[in-house]
Amino acid sequence: MSSIAEQFGREDWTRHTPKQKARRFGTFAACAAAIAWALTSIEVIWAWVWDSPEQMGDLFGRMYPPDPTNLGAILRVLLETVNIATIATAIAVIMSLPVAYIAAQNTTPNRATLWIGRLILVTSRSVNTIIWALLFVAIFGPGVLAGIVAIMFRSIGFIGKLLGEAIEEIDKRPVEALEATGASRFKVIAYAIVPQVMPTFWAVSILRWDINLRESTVLGLVGAGGIGIILQGAIDTFNWPEAATVLIAILVLVILGEIVSAFLRRRIL
Amino acid sequence: MSDHPDTWSRPPFIANPWLRWATYIGLAVYVVWVLATIPIDWGRVVEGVERAGRIFGGAFPPSFERSGLLIDGFLESIKIAVLATAGGVALSIPIAFMAARNVAPMPVFYLGRAFIIVARSFHPVIVAIIFVKAVGFGPFAGVLTLVVYSIGFVAKMLAERIEEIDMGQVEAMRASGAPFLSTLFYAVFPQIMPRQIGLTIYQLDSNLRASAVVGIVGAGGIGATLANAFGRYDYDFALAITIVIVAVILVSEGVSGYIRKRVG
Amino acid sequence: MLKITDLVKRYGGGDPVLKNLDLTIEGESVVSIIGSSGAGKSTLLRCINRLVEPTSGSIVLNGTELTALRGAKLREARRKIGMVFQGFNLVDRLTVMENVQSGRLGYISTWSAIMRRYPKEDIRRAYELMERVGIAHYANTRADQLSGGERQRVGVVRALMQQPDILLADEPTASLDPKTSEQIMGLLRDLAGELKLPVIINIHNVTEAKEYTDRIVGMRYGRIIFDDTPAQLDQDAMDRIYSGSPHADRAEQTVAAQ
């Protein structure tokens, strides 16, 4: 009895053609080279690196047990953090509506407005909240306002982009139908476009609120209000047990925020 | 003909009237309370307008004079991003398997999930200041920070993908008597590989963005350069750095999107 | 009275889709337009309410030249032209009442439109019409909860809420099953009689055209080649309407023009 291989006269099989092999090898080599380049040229003191597990252990050791004596103040500032995130998200949502409108190809009045809209979105999105916060702390001085404005500036781009894409993807047929009834542009928007983007609007707003909750916990590190100020204070004074309490409080806040936004998403959508 | 009603109102969004009014009143009270209690020094805000004028006046035209510093900062950011992505993705794979309900035993599953939740919940900047305190200023703290950041995202998405795999393929492998690792390589990895590559590229892009930020608290890279420029009121250099950051992020986003489209 | 004279529509630089077309519709007749896909039926209908911009020619509705109108004047003219669509074109996430009232948007203030505060007589009329077509109990239901036939009834009521001088229906039954399709055609015919309203219906189904309409216009590649009562539509006329291909026909036209 002859085996299948003998019958068909072929005993070797490879998954990839030589060209595919070369490409895969090239990709791997490029990745390896990038990592090697980064490893060899990065300016780190390797003694510190080898020492780091011990240092980390030491740090966490000093954090335990967390010190809850300042818990009242921490919770009060935590609430302020939530307020920063919520107010900033609310204002950003409202301000992003006209931006989304002019940045969507099918609703923008003309090419110039389209590019203005896109410029606003790109600028807002590419600059991180913390960098915006640096700028606004320089302008308004340290405090809550700088934080609110920083979060707003970053959120407008995020919400505006996703909302603009939702406007571009709407079903155009109801728009056509309402235009055929002789309704004005504004009423066509209110009746044919707004209802269609409402689900995205809520989903994006909730998502951004959740993200902003996280971002608002670090604003204080550059002086823009919120829980970060207390964390920075505790770390600067080497009060590690209190820093641990703050970290736990932030963890609980973020998890609660995620639960709340999941609940809202289920209820509204 | 007049037996038809002549009033109509839209069905309310929240059907239960008690709940509806409670929600509305609650929202109104919240807004009033926040606006009344939020500590904003309006006098300081008014001064801010003038100060903004000075800052923007100082920022224009952006100064690229110290471009050497700018390039060094950026190269460091890129190195941080590359190393953090490599390390983060490598660590994400075992953690993702731990955090996938369908392959991990319950206690391991909870441990894996806990890892991911902690890694996701802390903003990279908070993680960065802790690492800076533990291992000292510089890019190493940045790498460690972004490794944690990568795990939070990549391990979560990968775990979700693993939970969605077709167990039929795994069963087929087991039925043919394949050992555990072979099953992993032949039935599980092919199913998660495309997602894994997409996630890695996405995370590299994300890490590059984040590396510009963690530097502000001392974890190396372009962020440190930017924070220094701000601290020394070199607004023209700060603007130059910001412009380059925006440009690099846009390019990186474009490239990452293109590759993911090609691969995925 | 609707009078179309010498209507031409050309998309881009290609061959015209409508070629020097003339059509007059008087009184309250129900007219169907038949012809194969690509014959220009839909373009013709959309030229009337200017959803499609005619290249040249004239369209006069009750003394108003429609082709010259712009902006507010055009919207005013459109209020008098109702349209029913193949895909119903309802706003899925709004209630049936809101969809129906959107036919009145041209008449009410922006504020009332946004607050959903419709005039009493509009609401009464909406309930009357909805009851007439059998969807009154759905007033508070979202449009995406309805079946195809019910959705098209909403579409018809929306168009009638405009109190139009003419009703255009673009393949109103093409997305419906045969039984529902006949119901909608019957409804259009009956409503035309009750409201003394001329109706133009684009339709693929020749049997329905014969049964429910008073006059059949046969189009072939941008021209009207048949215009008579349903009884006159014999096999020979059918063959002429449905033969050929757009490409061959247009090429032939070009050769003839040279």
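Every chain is named by a letter (A, B and C) in the order it is written, and numbering of its residues begins at 1.
Operating definition for what follows: contacts are C-beta pairs under 8 Å (C-beta built on N, C-alpha and C of every residue); 3 or more make two chains touch, one makes a residue touch a chain.
Just so it is clear, the model here is predicted, and its values are computed rather than measured.
Set against the C-alpha centre of chain B, every other chain centre is closer than that of C. Across all inter-chain contacts, the pair with the most C-beta pairs is A-B. Comparing chain C-alpha centroids with the centroid of the full set of protein C-alpha atoms picks out A as the closest.
Averaged C-alpha coordinates give centres for chain A and chain B that are 5 Å from one another.
Our note on geometry: chain B versus chain C, Cα centroid distance of 52 Å, whole angstroms. Each chain gets a centre from the mean of its Cα atoms; for chain A and chain C, those two points are 48 Å apart.
For chain C, residues that reach two or more other chains under the stated contact definition are 98. Chain A contributes residues 171, 173-174, 176-184, 186-188, 190-192, 195-196, 198-199 to its touches with chain C in the complex. If you check the complex, the residues on chain A that touch chain B are 31, 34-35, 37-39, 41-45, 48-49, 51-52, 55-56, 58-59, 80, 83, 86-87, 122-123, 126-128, 130-131, 134-135, 138-141, 143-145, 214-215, 217-218, 221-222, 228, 231-232, 235, 247, 250-251, 254-255. Across the complex, chain C is touched by residues 1-2, 4-11 of chain B. Within the complex formed with chain A, the residues of chain C that make contact are 49, 51, 74-83, 85, 87, 89-94, 98, 102-106, 110, 113-114, 155, 158-159, 162. Within the complex formed with chain A, the chain B residues making contact are 34, 38-41, 44-45, 47-48, 51-52, 55, 75-76, 78-80, 82-83, 86, 117-118, 120-123, 125-126, 129-130, 133-136, 138-140, 143-144, 209-210, 212-213, 216-217, 226-227, 230, 242, 245-246, 249-250.
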